[in-house]
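Before any comments, here is the structure.
Chain nomenclature is as follows: A, B and C, assigned in order of appearance, with residue numbering initiated at 1 for each chain independently.
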Amino acid sequence: MRSGPALQSPWSVYLQIAPLSLVLLFFFVFPVALVILVSFFHYQMLVGMVPRFTSKNYVDLLSNPTTWALYLSTVKFTLIVLAITFVLGFWIAYFLVFHVRNLLVAIGLFLVCTVPFWTSNIIRMISWRPVLGKEGLINSGLIKVGLISHPLNWLLFSDFSVVVAYVHLFTLFMIVPIFNSMARIDKSLLEAAIDAGATRWGVVWDIVLPLSKTGIALGALFVVTLTMGDFFVVTVISGGLSGSATSEIYNDLQFLNYPRAAANAVILLIVVLMIAAAIFRLVDVRKELVR
Amino acid sequence: MNRPSASPSPGSGEIRLVNLTKTFGVTTAVDKIDLTIPHGSYCCLLGPSGCGKTTILRMIAGHETPTAGEIYIGSEMVVGKSPIARGTALMFQSYALFPHLTVLDNVAFSLKARKVGKDERRRQAEEMLRRVHLHALKDRMPAQLSGGQQQRVALARSLITNPRVLLLDEPLSALDEFLRLRMRSELKSLQSELGITFVHVTHTQPEAIALADMVVVMDQGRIDQAGSANVIFNRPKTPYVARFMGGQNVLTGTVVRTADGVLRLKGANGAQFEIPTNQAAPPQGFVVSFTVRRDHINLRKNLDNRAAAPNEVRGVVEATEYQGSYIKVFIDVGGGVFVANVSDRDFSADPVERGDAVVASWSAADTNILTSVDEGGAGEPYSDAAPATTIEGLEKG
Amino acid sequence: MAGSTTSYGPRPWTFYALATLFTLFVIFLYGPMIAVLILAFQGPSGSLDFPLRHPSLMWFAEVFHPHRVGDVVGAFERSFPLALIVAALTVLISVSAGFAFRRRFVGSTLIFYTAVASLIVPGLVLSIGILVTFRYLGLPAAWYSSALGAHLSWTLPFGLLIMFAVLGRLSPSYEEAAYDLGASKWQAVRWVVIPIVFPGMIAVALFGFTLSYDEFPRSWLTVGSKNTLPLEIWTMTTNVTSPELYALGAMTTFVSFLAIGIALSSIAIIQRTRSGRK
């Protein structure tokens, strides 16, 4: 281990890390702390927040069956989306890493997948309408071919469309970490397995899958966080028909009931953190990110 | 010889290491080293990975700070000084050519750091490139160069700073065999031409003895032996050095008596050794190790089972290995393996094969007493992939 | 064969199956965007669905007229410079922090995990939090304070991770060679390290720009009275029922593609120059 150039003063490190630390402190740590604090405040109609400690917000929320129903619905969506994005993400990453022979082509195809990520989420979301709508492409196409006689109205403004939109937006977050993990697998391991008589499926199940564990965990973490924390996709695409945990928060915010919104936000955060902790237990995330 | 005009380096390139130590946490990489490298000599630090040779090089260069001890270059104590102020230049194992700069800008880099004007530094860099015969490539990028070319650019880049000591970190390891031999002679002639001190780190023994005026054999942070290549090869002091340099058999025996300047030892299986010595006689029963060069061994088939004479061992041929101008004969002497390098003429006159009973003998003058006793399996063989060369049976007889 | 690098035999059936999956996925990804792009040229019928009748640019023109439900041009004029500033700041702060993380220091693990946590926490929570923080400090939510900070809390972790990857792969020999040749620490950084990691910095800038330009949940409560472009579009989705929305989408996507194109081609040019093919 090298001890580094003998020219750096120890103070320069702290100077270098200061901007990041300050931003994180003011725009992450403080806000989260304040949200937690405010969740214990009292809300008075027409007055706003009153800094009087109360656990009423939590009691209200947790005893309200709607809250549970909404969280259940959100978790349901999240699990479905997680399953689909995992299957898609895994096989696409697998294809890019192990089936595409030319490295440049693989990188090119990878970029093709990632470019939509850099365009507006909202636009991508509303662009489903001409495709899934009653007069949209799919319905018109199916009618023309004669498979159906009336347009399917569950394609848009439904649970189905919500799942489609989430998969559309978030599969990339699965592909990237899994791609990263897979690319690091020593290809000679696979050759050795084949030499030893493993079937191609056996190779995937016994070698590729375990070695991609970290990437899968990271991807799962992202997808879960983004799905559970989303509110605009679910409201717009479902036309207000599906609820989510976040829609409750949204409503409270409309009425300026910050304390209860904050309490709900804290509950949401706790759920997400529990899932994150479970995932962090399975893999050493820091090693994976920094390597 | 025209050197580009840079600030003149302060004279002597003699390097003195005094009690030099480097620890990383609980590991001691370099352990109280004392060494003097004469001005203008070519010195090779030789040893396996982890022996501390690269750490010493980097401490001389100023890229690593010693935990204890001093380093003198010329007569200045340089610990704490920046690399450029010491008058040293380090050639990295990976060459570390800046990938975003052309060859010319790479070479001109140190002048840019010294705030020399653009035209002037380019002129000096071109001159330097002409000297290493790479002027035609001055506008190329490092990625376009072959390994040998990259090395010459790295050399040019280092030499333009007019160092009094050039430090080379395994410069030839990345090259293929043919290129390595060619670059070896180029380095040697460069050093005599420049007249500055070269310190060259390597793990390859033939390279070290070909290049160096002074070979320093290291093991686990300590210097086992330092001296000319001739002395190190023919008169190794320890079993480790003997094995690392290769070409030696290490034998051990117990002192019977010393008389008339001849040390008599008793070995295993009835072997007797007589070694001329002018040193004080060790007491009876004392264990002594010594070496005999493999190519100084006379081999003959054991056909008549004569009584054993001094300075010979008997055994059975285990294997033979063709090496072109000589044949390596591995002999099992009942406790270890003994190797004789037989010239191909001698071998074809009297060939042996696996299973033959043989007698290996040598003349007393060809023995070299070691200062420490061989502990058998304690050291690993390093040279030419030979199996363990200890004769384990020959201990306290 | 899966994983085979040396024996280039005929492709197994799984290749074709996966290639088909990949193609379908790409169609799935780009299809809706292309549909919107085409429909942006919708004619006076103003239909939000296919078919495209009498293609015209009229809806593009509509976008530029401010009206009661949306001021797109204004929002763009705010979002774009904000994104540029966020990009610049993200690069500066990420590079600086990336350098710091090359050594061990007190609190490095804490700061690292905090940055990662900032990625995981739902944007909505953070939005509320930042709004409340500013209320608490008695400051109004505004563009270049709360919105900027909210965006940075999203872009900085990405920037940091990229700089980790880039600086982690940077061999320390380059800097040591620079010192060896007499460069000061600052000269080594300016003339050696930064040029070598420059493509990484472009990537960070790209992330900073696009993540800010398209950012929604964190901006929601932190922008104050004037909207960012995504927020403006959001309001329009609930109110506007004409292809104007698609025209807007086409244009904003165009800006994104422009940013991506500039970034990627810059990186490609740099790599090409360094490998020597001019």
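FYI, a residue touches a chain if its C-beta (ideal position, glycine included) is under 8 Å from a C-beta of that chain, and two chains touch if they have at least 3 such contacts.
As the structure is a computational prediction, the values presented were derived from the model and not from experiment.
K.L.:
Please identify the chain with the largest separation between its CA centroid and the CA centroid of chain C.
P.N.:
Greatest centre separation from chain C goes to chain B.
K.L.:
I need the chain pair with the most C-beta contacts, please.
P.N.:
A-C
K.L.:
Return the distance between the CA-based centres of chain A and chain C, expressed in whole Å.
P.N.:
16
K.L.:
Quick one: chain B and chain C, Cα centre-to-centre, how many Å?
P.N.:
Comparing mean C-alpha positions, chain C is 55 Å from chain B.
K.L.:
Let me have the rounded angstrom distance from the C-alpha centre of chain A over to the C-alpha centre of chain B, please.
P.N.:
58
K.L.:
So which bits of chain B are touching at least two other chains?
P.N.:
62-63, 82
K.L.:
Out of chain C, which residues touch more than one other chain, so two or more?
P.N.:
176, 179, 184
K.L.:
Considering chain A alone, which of its residues make contact with at least two other chains?
P.N.:
If we look for residues of chain A contacting two or more partner chains, we find 2, 5, 7.
K.L.:
Provide the residue numbers of chain C that touch chain B in the complex, in ascending order.
P.N.:
171, 173-174, 176-184, 187, 191-192, 195-196, 198, 273-276
K.L.:
Can you list the chain B residues touching chain C in their complex?
P.N.:
61-63, 82-84, 88-90, 92, 94, 96, 98-100, 109-110, 112-114, 140-141, 143-144, 157-158, 161
K.L.:
Can you list the chain A residues touching chain C in their complex?
P.N.:
2, 4-5, 7-8, 13-14, 16-17, 19-21, 23-24, 26-35, 38, 88, 91-92, 94-96, 98-99, 101, 109, 111-113, 115-116, 118-124, 126-131, 133, 135-137, 140, 168, 171, 187, 189-191, 194, 200, 203-204, 221-222, 225, 228-232, 236, 246, 249, 253, 258, 261-262, 265-266, 268-269, 272-273, 276, 285-286, 289-291
K.L.:
Write out the stretch or stretches of chain C touching chain A in their complex.
P.N.:
Within the complex, chain C contacts chain A at residues 1-5, 8, 11-12, 14-15, 18-19, 21-22, 25-26, 28-33, 35-36, 39, 47-50, 92-94, 96-97, 99-101, 103, 105, 107-109, 111-126, 128-130, 132-133, 136, 149-150, 152-153, 156, 160-161, 164, 168, 172, 175-176, 179, 184-185, 206, 210, 213-214, 216-217, 221, 229-230, 233-234, 237-238, 245-246, 249, 252-253, 256-257, 259-260, 264.
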